[in-house]
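If you scroll down you'll find the structure; I have some questions about it.
Chain IDs A, B, C, D, E and F follow the sequence of writing; residue 1 opens each chain.
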Amino acid sequence: MHIISRFYEDYELGSKRETLGRTITETDFVVHAGHTGDYFPHHMDAEWCKTQPFKQRIAHGTLTFAVGIGMTATEINPEAFSKGYDRLRFVKPVYIGDTISVVVTISEKKESNKPALGHITEHVEIFNQRGELVLVCDHILLAKKKDK
Amino acid sequence: MHIISRFYEDYELGSKRETLGRTITETDFVVHAGHTGDYFPHHMDAEWCKTQPFKQRIAHGTLTFAVGIGMTATEINPEAFSKGYDRLRFVKPVYIGDTISVVVTISEKKESNKPALGHITEHVEIFNQRGELVLVCDHILLAKKKDK
Amino acid sequence: MHIISRFYEDYELGSKRETLGRTITETDFVVHAGHTGDYFPHHMDAEWCKTQPFKQRIAHGTLTFAVGIGMTATEINPEAFSKGYDRLRFVKPVYIGDTISVVVTISEKKESNKPALGHITEHVEIFNQRGELVLVCDHILLAKKKDK
Amino acid sequence: MHIISRFYEDYELGSKRETLGRTITETDFVVHAGHTGDYFPHHMDAEWCKTQPFKQRIAHGTLTFAVGIGMTATEINPEAFSKGYDRLRFVKPVYIGDTISVVVTISEKKESNKPALGHITEHVEIFNQRGELVLVCDHILLAKKKDK
Amino acid sequence: MHIISRFYEDYELGSKRETLGRTITETDFVVHAGHTGDYFPHHMDAEWCKTQPFKQRIAHGTLTFAVGIGMTATEINPEAFSKGYDRLRFVKPVYIGDTISVVVTISEKKESNKPALGHITEHVEIFNQRGELVLVCDHILLAKKKDK
Amino acid sequence: MHIISRFYEDYELGSKRETLGRTITETDFVVHAGHTGDYFPHHMDAEWCKTQPFKQRIAHGTLTFAVGIGMTATEINPEAFSKGYDRLRFVKPVYIGDTISVVVTISEKKESNKPALGHITEHVEIFNQRGELVLVCDHILLAKKKDK
């Protein structure tokens, strides 16, 4: 984790960064349930899950999202701030023992309605250990322009 | 937490449900950092925050989102599943000691490209104890239609 | 979790409510030890447990009790408050991977020494995934009477 | 934590042991809610609590019980096992920042229906930093008799 | 955990104390990563570890150290305080499921540069369930002398 | 967190790296006690601490060490591995609310008894928000030499 100044002009369309992997454990399921209060049986009841099409506990969507986004939190840019996320989709279930990694691509740059700021879109893809896409979203940043 | 069957037809446009409140604590900040690996100083370094415009530690966006969504997880509907979220926006910072509550409104119903399923949009608003909107997003569900 | 007013007269003798299931994980054992400070080898030392009649780690009695009671915490009744518990018994061990669910039965109603209040007994039974009773207790509530 | 053999005959009626103190923190409240799934506003919503007679968040009864019992877990007796608890009563609320300590008194010894075992009752009292009793219960043990 | 006064003169060279065992779980790995912020793939990425000589996740050195030292924290001596540690060595990896126990030996006593205090060295050895040494260090204490 | 190859020859004597800050919270104290099992009143009993010279709860030495070392875990070097630590000293107490940061200096390079490896010493200094040194230690690494 370190601080690097990146202005709107410094973001290069199409550039990518990729994280290392992290294995999603039963502990993460239990911690996430306890943190959020979501004890739905999909995540917490192994016996009930055996009776369902997915056969085993599946990660909360918010778990995969929050952990995946956390994995990309390595560089602090004081010239930009997070506005939110668009098109967040749960593509495939994440199971206990799956290992996820994240690819972030600068997918869009456009003017903002404030002339001193520009919109940056980071396209975020979370993959499991078989290379399957499990979650996708677009992170929307507002970045300062230089000399403004 | 209980199981209630709700088909596409059962969702009533404009109907609302509201959660009780939950105080966001310093513990939640520390747990969220540890859960996600995001130790950005915005959330974890009280001294550095004093030098910033917001003056104090602010909650991770993913914290407010995950906890707020967790607070709405009270009813299991076996006829629907979560597809994802749209237009997630961090409207105002959440500070240690703020108490949040959530209002969910059925804001849209539309046909899906699969005739047996319909799209439901739940508009999710998270408020602090002063009634200020802090986070907003649209939850996208796919719900089964009756008799299909 | 929601708020419903129930007065003494509203509790119906013999009525039952049942929770969904929750799988007790190794994480729950470790969290409970860390939360309570009870690191007895019965719960924490897999090697020592192999030399004991029960052969594997068993849940703290307070874990099964606290989690089981937590599973029943779905309805807030502002007209009643918890006085305590009677006849709490650890009937069978709970192992890592067991899935518990809880049945609560209104088993007794009687006058209190304060005329405005009545005693309610909730008989609490915690079962594992094989339907075996693992813990039993009586929850003692004091509930307001109507028009008093 | 250490292992000491104590048979039925070794328990002395009226003998006492006392623990050191432990401050109950906001973290303990959040951990307990997450561990048990009990997010009742009495424990988790500081704003709502301000509108209630107790004015501030109060500890879950199961928190005070589980932590207090954990504080007494210092001596492993291979000759006895825990049968359960009787007359558990929540006498006074425990607030964030209260420091609790526990006194355990051997309050009863009696024959069991199995001749090789005897009943021991440990009377457990949990006090706050002002010396006020906050929780009381009777721990029921079955202890082996010597030479049987 | 209890309080016992031990002065410099009371420490006997060569005397030993030994802890019970504790199984190091996947939960401990996840908790330690979250507590310290160290998410190195050696501890957190089961897939990457398969490609490494050690083949599976290994405990953080600071995990084995902190937990092992915690296991020895059973006796509070108001006459001594901890100065630090020397010659801390990670001798063998600790894997998920290993059970560790600790032997502490009084290995050195010597004068301090303050005449009222003496140096005590506790040699700390942490073993796994196969009796293999996994971590070793020397704990340096300063203890008061009697009648000074 | 990223992977960078650094051989023995690449470590430059006297070079420094510095972390951002992290505020040590009451939550960290409670998590560390629960993780390690060390519930000594110095860390956990605010009332008892008021009667002691330090007046308030102080961090476990192993907490400051493990968190401080974790804060330096930003760069994975596949050419080196950690052998251990020397001269770890607890210089000043860390209190709840203190913010620590870490400076790591390459303080020594020397031949190892294996010709393909060299010894690197990283001198680690942990400071609080007033710039006071609170913990110091020497991290001992073995690094591969180039072309060997």
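Please note the rule applied: contacts are C-beta pairs under 8 Å (C-beta built on N, C-alpha and C of every residue); 3 or more make two chains touch, one makes a residue touch a chain.
Note that the structure is a prediction, hence the values are computed from the model and not measured.
Common neighbours of subunit D and subunit F (chains touching each): A, B, C, E. With every chain reduced to the mean of its CA atoms, the largest distance from subunit E is reached by B. Simply put, of A-D and A-B, more C-beta pairs touch at A-B.
Separation between the centroids of subunit C and subunit F, computed from CA atoms only, is 43 Å. Here the CA centre of subunit B is 30 Å from the CA centre of subunit C. Rounded to whole angstrom units, the spacing between the C-alpha centres of subunit B and subunit F is 37. Residues of subunit F in contact with at least two other chains: 1, 20, 22, 26-28, 31, 34-35, 37, 39, 41, 76.
Taken as a contact graph, the chains are fully connected, with every chain touching every other chain. Touching subunit B in their complex are the following residues of subunit A: 1, 22, 28, 31-32, 35-41, 60-63, 65-67, 69-71, 73, 76, 82-90, 137. Listing the residues of subunit D that touch subunit B in their complex gives 26-27, 29-31, 34, 39, 41, 44-48, 57. By the touch criterion stated above, subunit F contacts subunit C in their complex at residues 31, 33-35, 37, 39. Interface of subunit E with subunit D (complex): residues 1-3, 19-20, 74, 76.
The part of subunit F that touches subunit B in the complex is made up of residues 20-23, 25-28, 31, 97, 99, 129.
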